[in-house]
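Should a chain be cited, it is by its letter among A, B, C and D, assigned in written order, with residues numbered from 1 in that chain.
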Amino acid sequence: MVKVTVWNENRHEQQNQIVSGLYPNGIHGIISEFLQVEGFDVRTATLDEPEHGLTDEVLINTDVLIWWGHLAHDEVQDEIVEKVKQRVLEGMGLIVLHSGHFSKIFKSLMGTSCDLKWREAGEKERLWIVNPGHPITAGIPEYLELEQEEMYGEHFDIPQPEELIFISWFEGGEVFRSGCTYTRGNGKVFYFRPGHETYPTYHNKQIQRVIINAVKWAAPAHCQRPIYGYSNPLEPLKGGTTK
Amino acid sequence: MVKVTVWNENRHEQQNQIVSGLYPNGIHGIISEFLQVEGFDVRTATLDEPEHGLTDEVLINTDVLIWWGHLAHDEVQDEIVEKVKQRVLEGMGLIVLHSGHFSKIFKSLMGTSCDLKWREAGEKERLWIVNPGHPITAGIPEYLELEQEEMYGEHFDIPQPEELIFISWFEGGEVFRSGCTYTRGNGKVFYFRPGHETYPTYHNKQIQRVIINAVKWAAPAHCQRPIYGYSNPLEPLKGGTTK
Amino acid sequence: MVKVTVWNENRHEQQNQIVSGLYPNGIHGIISEFLQVEGFDVRTATLDEPEHGLTDEVLINTDVLIWWGHLAHDEVQDEIVEKVKQRVLEGMGLIVLHSGHFSKIFKSLMGTSCDLKWREAGEKERLWIVNPGHPITAGIPEYLELEQEEMYGEHFDIPQPEELIFISWFEGGEVFRSGCTYTRGNGKVFYFRPGHETYPTYHNKQIQRVIINAVKWAAPAHCQRPIYGYSNPLEPLKGGTTK
Amino acid sequence: MVKVTVWNENRHEQQNQIVSGLYPNGIHGIISEFLQVEGFDVRTATLDEPEHGLTDEVLINTDVLIWWGHLAHDEVQDEIVEKVKQRVLEGMGLIVLHSGHFSKIFKSLMGTSCDLKWREAGEKERLWIVNPGHPITAGIPEYLELEQEEMYGEHFDIPQPEELIFISWFEGGEVFRSGCTYTRGNGKVFYFRPGHETYPTYHNKQIQRVIINAVKWAAPAHCQRPIYGYSNPLEPLKGGTTK
């Protein structure tokens, strides 16, 4: 059974009644609920817990980590970010949602600014599938529609995705690479754009389906890391081995 | 005219007579010499200069930065690394040589450990071209041979290259992705494996040709960065713009 | 000087007064004109010429071939398509425009159906740059706008582009991967979406700029093909060479 | 249960006692045997059967097709190749083994010559994993060794793989991209180099493991094809829909 940890900053939920109205158990709460229904072994972790809830014991027992953050990226300790990164390189899957594009962990794995255009105007977003056989799109029709979302627009300053899964159309005239996969070390990374805190995006069944699919996709096939460092020759050398 | 800065740690040259014998003007010296012959506008910079020779003025006047480091990656100040990274995102080309795989700037742009297998046994390396139409391979036959080189072996912990140009065969039985391109922001990055300090690799005319080609390839086509941040709609929104 | 051949089906121009009004010298005429102004060595070729104007002598003297076709893809002889394909593998650049997505040469190089959604309703298209440092985008602002174009929508059944340069937003709610690069053998391929025959798209200076940039990008760096077939060992074999 | 069809040319087995000694039930026989043990629903098909054993009924009931051919690529009927290709675009996985690099189906899906260097000298091959977290490598150590294999060397004239999984080292001095993945339409394609008919390669448990893993990986997540062709606007057009 895939072990999932849903990490959430959990600040908007404390500060904004719209958000707490939409997500009374927090964004981590709703995500963990629909993942549990699907049969995953789910726990949650939030910023204000000790070690942000991401102790060594939690990380070693996590196959896939989901990340939602926005207001307080800077409050995430560098030491924890580094541990999460090492765990991704070992094979833990990472799913970064929406404003997590600016999280320390995502920027560190991408190597770019991860900046973008944005606008909060409650406009329509339509996410088109551009990789129709990909397992992350299973059960999704040709496009998803969200009546109200925050706009994120290109240029999105990320390395070219290994696989581009979704492209968003926005009512206001922009486009966005909304579903992007990467490999880092043994780990798989999926960025998925939707999920602004003041809209009911995570109640949408198709959005839930994409996240469920992504958990299955990101779960490690195997976590055996290669051996690095000094290595004896496997074949005889003409000059002999001098070291 | 493309403006190139050749950065070298320049430590082995002070400590090891084999290295200073091979490269009396330093590794930066020989590289800048063959680049000047080719007509580039070249300067050098080294670790022990103030700001490692990479002042704002130098960086803004650099189209392509070449990086060689090994012993003292940790002595490179984080603040300078960050400036170099910003300049890459703005469009400056970056060519990372050999042991520079473990430099702060390369690891920061890749997002992975950049670890690998290695062995210093003076063995034969043969670099095969796997992208024969790529401008970086112009003038190079199907493969390059180096009679003596340090071995670097897979797994090389890098993101999948956007373009894989060379694969090395080593006498001792390993292979390596030896020529790899990436885009980060507006900037192009090329990693090129050969160049251990105790061998005459940078005297090899074909190695020089690859580096010359790479400088031309990495030179920015244009450095205009996109506009990021809040953005007004380009089309009327049904609900009006609420922000 | 880069030698360009602009190939056009040249049928709409004979049949439709709107098209002949917009392009009195044909679509090949206007493209060759703005390329000549840029200093390229340009010739044209059309379907109804012998061998469709693509004789061995023409092909061997072409660095970059531009392809526009729509009504008569099936009338292009398989033998000529095969010659063009061999020339691409040898290093000739190929720029496929708009409805050329369904040309025999493009489908043959892609290996997929190259199918898509379409609608001819004179709607607005906005092409966003998603690869801002790419030479094909030099001199272009963040997006191009075309007041009236045919819509092409996803899913576009192509292999994942090696580089995705433009994504289109359409007024009617669709998106499209409008600028895509590929390598096939030694040759570079660029697909560029806009250019429906009943709109003045090729009069647009920014569209012209993209095509000019693409010609420079697609021109072969060098056309030396690798050696294929039986190959003697470069290193001694323990068992000896038995063939 | 994944439905696998193992297709084999099955000619060497009729003509060469070394081959029939190694594979008394044919190459298709041994592959189907170890796949059955793994629990897949397996059938075989060979060149000399009517429609090469690939009737519409067989294809529609195949999730993953494995392809081994060598002597008689030209005898495979174009009509059957076209049916296989359509089925791949619909989502059927395709695993192409060894000399299948020159099969009509592989060349048609790649769009290139698929040519390479080769030598039959019974030399050592070592396949290094360069994508350690990929499911195709599950259960495989850092490299596989085959004491005797035919050599295939670069340049291998294929489009750049979407994922490069294995790189081979050969005793005679060459390297090869030996495990390559592609997406074509909804279908996944995996090319795997080893498997010359006169060596016991398919008896090797690790080679079997790679093929088993590849079947799981290539099995379609879902086969729903996108809708292509004329499409009504999803949003109101300013000018109205004119077609």
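The criterion applied here is as follows: contacts are C-beta pairs under 8 Å (C-beta built on N, C-alpha and C of every residue); 3 or more make two chains touch, one makes a residue touch a chain.
What you see is a predicted model, and the numbers here were worked out from it, not measured in a lab.
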(request) Quick one: compare the interface residues of chain A with those of chain C and tell me same or different, with half as the dividing line. (result) same
(request) Compute the rotation angle for the C-alpha superposition of chain A onto chain B, expressed as a multiple of 5 degrees. (result) 180
(request) Please indicate which chain is farthest from chain A, where distance is taken between mean Cα coordinates of the chains. (result) C
(request) Take the average of all CA coordinates in chain A, do the same for chain B, and state the distance between these two points in whole angstrom. (result) 30
(request) Let me have the rounded angstrom distance from the C-alpha centre of chain B over to the C-alpha centre of chain D, please. (result) 36
(message) Taking the mean of the CA coordinates per chain, how far is chain B from chain C in Å?
(response) 32
(request) Two or more other chains in contact with one residue: find those residues in chain A. (result) 126, 129, 131-132, 142, 153-155, 160, 162-163, 171, 173-174, 183, 185, 226-227, 234-235
(request) Sort the chain contact graph into one of these: line, ring, star, complete or other. (result) complete
(request) Name, in rising order, each residue of chain B that touches chain C in their complex. (result) 91, 126, 129, 131-135, 137-139, 142, 162-163, 171, 183, 185-188, 220-227, 234-235
(request) Spell out the part of chain B that touches chain A in their complex, as residue ranges. (result) 89, 108-113, 115-124, 148, 151, 153-155, 157, 159-160, 162, 171-174, 182-185, 226-235, 237-243
(request) Spell out the part of chain D that touches chain B in their complex, as residue ranges. (result) 126, 128-132, 142, 153-156, 160, 163-164, 167-170, 173-175, 177
